[in-house]
Every structure is written in C-alpha cells, then in structure tokens.
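One chain, chain A, links the two complexes that follow: it is found with chain B in the first and with chain C in the second.
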Partner chain A sequence: MRVEYINPFVESAFNVLKEVVGGELTRGDLYLKSTTHPVLGITVIVGLAGDVEGSVIIDMSEETALAIASVMNGEELSDFDDLGKATISELANMITAQAVTKLYDLGFKFDLTPPAMITGQNLEVSNAGVETLIVPVDMPQGKIEINVAIRERG
Partner chain B sequence: MDTAVNQTVLEEAGDLQQKIDFKMVTFRLGGKDYGIDIMKVKEILKGNKFTFVPNTLPYVAGVYNLRGDIIPIIDLRKMFYLPGDVKKHKAQEEVIILRLADDLILGIIVDSISKVQGIVSDTIQPPHPLFGDINIKYIAGVVEYEKHLFIILDVERIFSETAESFEQIQPTGEKEKKGIIKKAAAREADYNFVVETLRTFKSFYVSDLNRKWVENRFKEWRTFREDENKPIQLADPEDAGQYLEKYFSPYTNMLWGADYKENLLKLMPDPPEGMFNVWNPGCGRGFESYSIASIARIKYPESPFKIWSSDNDLLSISAAPNLQLDRNEIPDYFFKAQLIVEQDKGCKFIDAIKANIIYEYHDLTHNNELPKLDMIIARDILSFFDLSLQDHLLTDFREHLKDGGILILGINEEISGHGWYRLEQGNIIAYKKDKT
Partner chain C sequence: MKTKSDFPSINERPPEGLKEDGSAFSVLIVDDSMFVAKQIGQILTSEEFKIAGTAGNGEEGLEKYKEMYPNIDLVTMDITMPKMDGVTALTKILEFDKEAKIIMISALGKQDLVKKSLMLGAKNYIVKPLDRKRVLERVISVLRQ
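Now for the complex of A and B:
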C-alpha cells in the first residue's frame, strides 16, 4: 500500500475515536497481512473507489461495540440493537470519510460506499490479492482494528 | 465358476479379518515403506509452517501449534540420514502426530503417508541385522503384505532416547569417517555454526545465491579472528553484523555515485514503447529508488517511466517520499541534470522525479501486484528470506519481467540455472531474462 495513504487513516481513526469516544487511546504497531484474516465479531465494511480500489474494514468485539455505542449515545445500551448498529456504522463512516478528506487534500481522489455491517462469530475476511494494513487501537472499551486494503487501479 | 471364486475370496477375506490383530499407519520414507503401530498415532495432518527453534538438533524441524498445544516436529528423513524428497515452495509436509508413553505428543515428517494397513501380528518377523538404513534397535519388526515389505518402527524407543545418544542413530560407517577427518570436521562445524548464527542473529540465509561469498568470507574471517585472538564463532548480533559488513553492494543507503550511474546507463535498454517500469523492492529510505529514477530520467528524457518501490520497514519507507538530503552527500551529476533543488532546510528531489516513484509499505512475501516490468533492482534482499522464499521470489521476479528484462542483484549474489543470461557491467551484476 502506498505510504502516502497510511497516515491519513491512522490520524483520522485516532482523531475520530478521541473525539466521539474519548478516554485513553493507544495505537498498536501497524503491520501487514495478506489475503485472509479472522475478524473479531462486529465488522463494518466501507468500500473505496476512484483512483484506487479497496475497502476499509473496522472490526471489534461485540462487548467493545456495545460499550462504544453506549458512550456515543450517552446512555447505557443493554443489547446490540438497531441503535447500536447504526452508531457503529456511523463511526466507521466518520473514520473513513475523514481519511478520504485528508487524502483529497494530498491530491488523491477516493469515493466511498455506504457502510455495511456484518456480525457473527468465527468470521473471516478474504481480500483476494490485496495486502491489508492493520491499525490496532486500544481503548478503555476494548480493542478496535482498522484494516485498510487498497490497491492502485491497474 | 464365478460364484465359486467369489466364495473363496470371501472366505479368505473372512479368515484374514478374523485374524487381523495389528493395524499400522504406513508411510514412505526415502523410497521405502514403513509402518507405525496405529495405537501410537494420534492423528495425521498436513502442514508447512513450523516455527524454527534455534539451537536444537538438526532433525528438529521446529514446533507446531496443534490447536493450542505446542508440539515438536521431527524430520524423520534427517533423523535417519535418508535422502529427502525435495518439496516445492509452500508444499505441505505430511506429518504423523504420535502419542507416546507419558502422554508425550510429537509430530514426525515423512515423505508421504500411505494408508492404514491391518495385518496379522504373527506374520511380523524380527528385524534382520543387515537392515542398514535405520539402526536395528529402532525396528520393531518387518512384515510383508501384498508384496510390499514394511519396516515397523519402534517409535517408543526412538523418541525415548535422549538427545545425547543421538549419535547412535547414525549409520556406523559415518562414525569411522569422522575420526579420520576430525580436523576438517571441526572447521566445518565452525562454518556451520556461522551459517546458523547468521540466520539467528541477522536472518541471513545461506544458499546457492550467496554461498560463494559466505565461504570466502569465512576464510578471511577465520584469519581475522585468529589475529584478534577471538573465537571464530559469532557470539552476538554485532559479530554477525561485522561478518556481513562487506556483503552489501556499493552505495547501499546512499545516492549512487557517477561510476555506478554510468554502468546502469549501459544496462538500460533503448527507450521502450510506452512506460518503462522498474521494480525496486527493499528500497529502505529511498536512496536507491531516487538514484534509479534520476538515471532513468537522464537515459529517457522524453519517455515516461515509473519506479515501484516497497519496503516492509514502515519507518524507513515513510521517510522516503519526503527525503531530505545534505549538500555533501549528493554526487554532482544530480545537480548537473537539475534533478535536485537546494532549499533552506536541505536538498530535495524535484517533483518530476518524485511523481515517478510509488512508495509502498509492502511485504514481499505477500502477493506482489505489478505491471510487466523492464527492470527489477533487488540488491541484497533475497538473502534475508528463507530458502523456499528465495526460490519463490526469484520465480516471481521472472514472471513479472518482460522477455529480455533485466534483474539486478547485489554484488555478492548470483543465480545460476537456465533462463538467465549473466551480464557484468563494472560493479553491477545483472541477469537478462532469456526468451526461452
């Protein structure tokens, strides 16, 4: 993945999470994965198109999702209902949108698709042939992983 | 008639089934058939990602995570000095997981697992002293079944032996030879130790690619260390670093000098039709890529070109797109060709150069997605991948190159084999992809 793309995603993930959730945030080391990787349980996919093609996958466990949705809504949610799902989808949308805005300022033009949420146990994501950058963020509510898989349009 | 025959077959089968009282898992090893008592076999599996454990016996292939239990994997071919099957890259090894007394679980790699064979225990014969390949005390017996001779291994005995008695497994002839060539062996042991420690400390893998250099360097190193009154063996990463310091090509981690530029200019083909694509894996902080881009600009002032650069070190590669340079580390030709501009904070490459380089944070062992390439410049990186990956990457390089494309490796790296035509241009070693 082009190095120019990395920082916008890392920064926007950090900014958005800090702004809407708050608390102590620490970023884990970035690393690369090839094709297939397991996901934690609640997964939001935002597609990217334009100069590049790819997707951003934001991934967390259900407990983490519930805790974050509770903070964002200002009320304690007891189960992961439609409100929770909409909240987490919106979070993914905010992170990706802010990254895309930053990228636009650098001269890269991306479009995004509406977020799609997938929930379940023992899920795996395959991005055939596209290497994925993993940005792990540790929060008081738990761990969030932001997976960015982008390739240049050939 | 038919019924009569069937009748006999059935009867025979029935007879045999009644008597079958020993089942064994059969497998092939070095071209022969072997069996292991099925009661000792926990399961079988295929795998290839065994985690290497340093400083173990040579036949320990590594450890494997079997659903959370870490178990040792033994390469039976190496243990018994049998000729091994050469497995292709990423080929799955066939592994038999054994459960021995005291719940000791371990895996053994064999050439191929055949099947489970039921036999009559009375037909098992004691091993004959002439069975040379494997020390007789590890053989529980021999049995013939359907014209195949199976050697039944006594796995309890093999693996209850402690590591110290490993010597005994070696064929006897091997030991005698050892006495005679003890001194040579000691030197070889030192060499082998160096090879091992280069891998452990620097993940530098000795292969055909670099063996010549490593061996020559070893001679030099021995004299050097003896003069210094230090042990020949590499004790820590610093030693290994010192051993390797002469390995790297000219102008590593700096802009390429004028002599190197002239040589590369001669290796570059005439202006191609369309885009001139160069792949530069392992570009580090980008000195190499900027040099290549600048030389390409000098060679092809009119034609478009693109340098695809990547590295798996995030810190280095992140610095590459905005590399700042000191006036005194830049050879003159960069200024002459007006490729670098001087600013208050230091010197920078002009945008026309930068725009032609794509820097990617990328792991070479993953899928390499690139257009057809005119040139690959991969200096001093292959040696830092294990042997199967070296092979895999060379194949990958070949697939990505156009016919007649040029591959440039490090000065101390060489590839043999057909399909590559070696070119030497001063201090650059290059290989041209043959059309065949």
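Now for the complex of A and C:
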C-alpha cells in the first residue's frame, strides 16, 4: 500500500483526537494484518470508492469507547448507549473527513460512505484482496487502532 | 445576605443569546448525529440561546421550520443526512421563507457542498470538529447581519 494513503489518516487521527479528546497520544508501531483479523469490540467502518477504493476502520474496546465518549460529551457516560455510539461515529467521521481532504489535495477523488458501527465480541474483519495496515494510537483512555485498507482502482 | 447582584462586575457582559429586548434568540438544530446536536445545543444554551427544536433529517427540519415559523431566528443545518440532505432542506426552507438564516454544519472534505450552499443562500458555515468560540462567532455574526 502506498504511504500517501496512510499518512493523511495518521495525521488527521492525531489532529482530531488531540482537539476533541486531548491528553497525551503516542503512535505505536505500524503493522500489516492478514486478510482476516480480529477487531477490538467497537468498530466503525467508513467505505471509500472512486480513484481509490477500500475501507477505513476505527477500532477500540468498549471501555475505551466509553471513556472517549465521556470526555467528548463532558460528562461520565455509564453505558455505551445511543449517545455513546453517535459520539464515536462522529469521531470516526471527523477523522476520515479530514484525511479525505488531505487526499483530495493530493489529487485523489473518491466518495465516503456514512460511518457504520458494529459492536460485539470475537468479531473478525476480512478485506478480500486489500492489504490492511494498522496504526495503533495509545491514549490515556486506552488504545485505538486505525485500520487502513485502500488500493487504487484497477 | 449579600447577593451577586450587589457586586456587579465591570467585566460581566450580557449573554450572546439574548436580543436587545431581553428575549432569547430561537434556534432550530437539524443534524442526524445526536452527539453533534447535543454539542451545538450545549454551546448555544450556555449563552442563553433558546433551542426551539431539533430534527434528525432535512425533511423533519423543513416541517419543524414551517410549524414554528416565524419564531425561529436561526437554523443550524448538517449537510449529510438521511431522507433529505441539508442542501435540499436549505433550498426548501428558503423557498418557504427567503429571509431564513441558515448556517451549514459540515465535516471537512465537503467544500463543494459548502460552496453550493452559500450560493443557494446559506448565511455561513461551520466545519467540524465544533469549537465553542468559532460556533458562537459565526452564529452571532449571522444574527447581526
């Protein structure tokens, strides 16, 4: 996968998380995952289609999602309810939207699907034929993994 | 007992959400994200704006605007929504009331739709993530236009 696709997502994830959650963020080592891989529990998927195609998945545990949603709402949420889900979906929306702007500036044109959230234990994701690169981000609230699986349309 | 009113602060300013006659500016929030609607509501009510209503899509926003007309001073309108998007709802509200004051709420990456909305008659726009200061600046500037 070309590095031009990855950097915008890493940069915008850092920008948005710093702005809306704050605290100290550390990027873990990037790694590639096989075609089928487990995800952490709260998973938001945004699809891309155009000059490039694929998906971006923002993935975290329910505990982390609840802690982040609490900070973003300025109040302690006790359950991962509709407000919590709307908050994390919006977080994914902001990260992908900012990354897309950077990719547009590089000349790539494509559309995004609205974020879809999937929650549950023991989930696995497979991206047939598209290599997935994982960007782990450590935050005081826990770990977020940004999965980027993008290729140029053949 | 002394109360706060006995010691008026020279730095105190009136809340931005109040008109000269002391009544509150009335705002309709149209957004499919519960989180964003809540965030806008919190920012505006902290300055004593009145949230007249919220709507989860453009169709509902248009209906509520018509129902509450002429008691809405401002609409915040998300761009991407199910059923009826914000640009269509903007057009339909302006067909109904050409004086309507509408601010578009957009994620980054929707510049074309923001430009289109401004050409169609939106008064201003705000890009998410929402920043309290920026939201209040834009809202106040539109209300004072």
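Side notes on the structure shown:
The rule we apply is simple: the second predicted complex is superposed on the first by the 154 of 154 C-alpha atoms of A that agree within 3 Å, B and C clash if a C-alpha of one lies under 4 Å from a C-alpha of the other, contacts with A are read in each partner's own complex, and residues count from 1 in each chain.
The definition used in the following text is that contacts are C-beta pairs under 8 Å (C-beta built on N, C-alpha and C of every residue); 3 or more make two chains touch, one makes a residue touch a chain.
Values in this document were obtained by computation on a predicted structure and should not be read as measured data.
When both complexes are overlaid on chain A, chain B and chain C end up sitting side by side without clashing.
In the superposition on chain A, A:Glu63 contacts neither chain B nor chain C. In the superposition on chain A, A:Leu133 makes contact with chain B only, while chain C stays out of contact range.
Shared-chain residue A:Arg151: touches chain B; no touch with chain C. Contacts of A:Asp51 after superposition: neither chain B nor chain C is touched.
When the two structures are aligned on the shared chain, A:Met94 is found in touch with chain C, with no touch to chain B.
In the overlay built on the shared chain, the residue A:Ala86 is in contact with chain C alone; chain B does not reach it.
With both structures placed on the common chain, the touch criterion links A:Leu32 to chain B but leaves chain C unconnected. Once the two complexes are overlaid on the shared chain, A:Val20 sits against chain C while remaining clear of chain B. Once the two complexes are laid on top of each other via chain A, the angle at chain A between chain B and chain C, using C-alpha centres, comes to 170°, given in steps of 10. Chain B and chain C never share a C-alpha pair closer than 24 Å once the two structures are laid over each other. In the three-chain superposition model, chain A touches chain B and chain C at no common residue.
By the touch criterion stated above, chain C contacts chain A in their complex at residues 33-36, 38, 42, 80, 107-111, 128-129. Residues of chain A touching chain B in their complex: 1-4, 6-7, 30, 32-35, 129-131, 133, 151-152, 154. On the chain A side of its complex with chain C, the touching residues are 16, 19-20, 72-74, 82-83, 86-87, 89-90, 93-94, 97-98, 100-101, 104, 112, 114.
If you check the complex, the residues on chain B that touch chain A are 312, 314, 317-318, 320-321, 358-363, 365-367, 369, 371.
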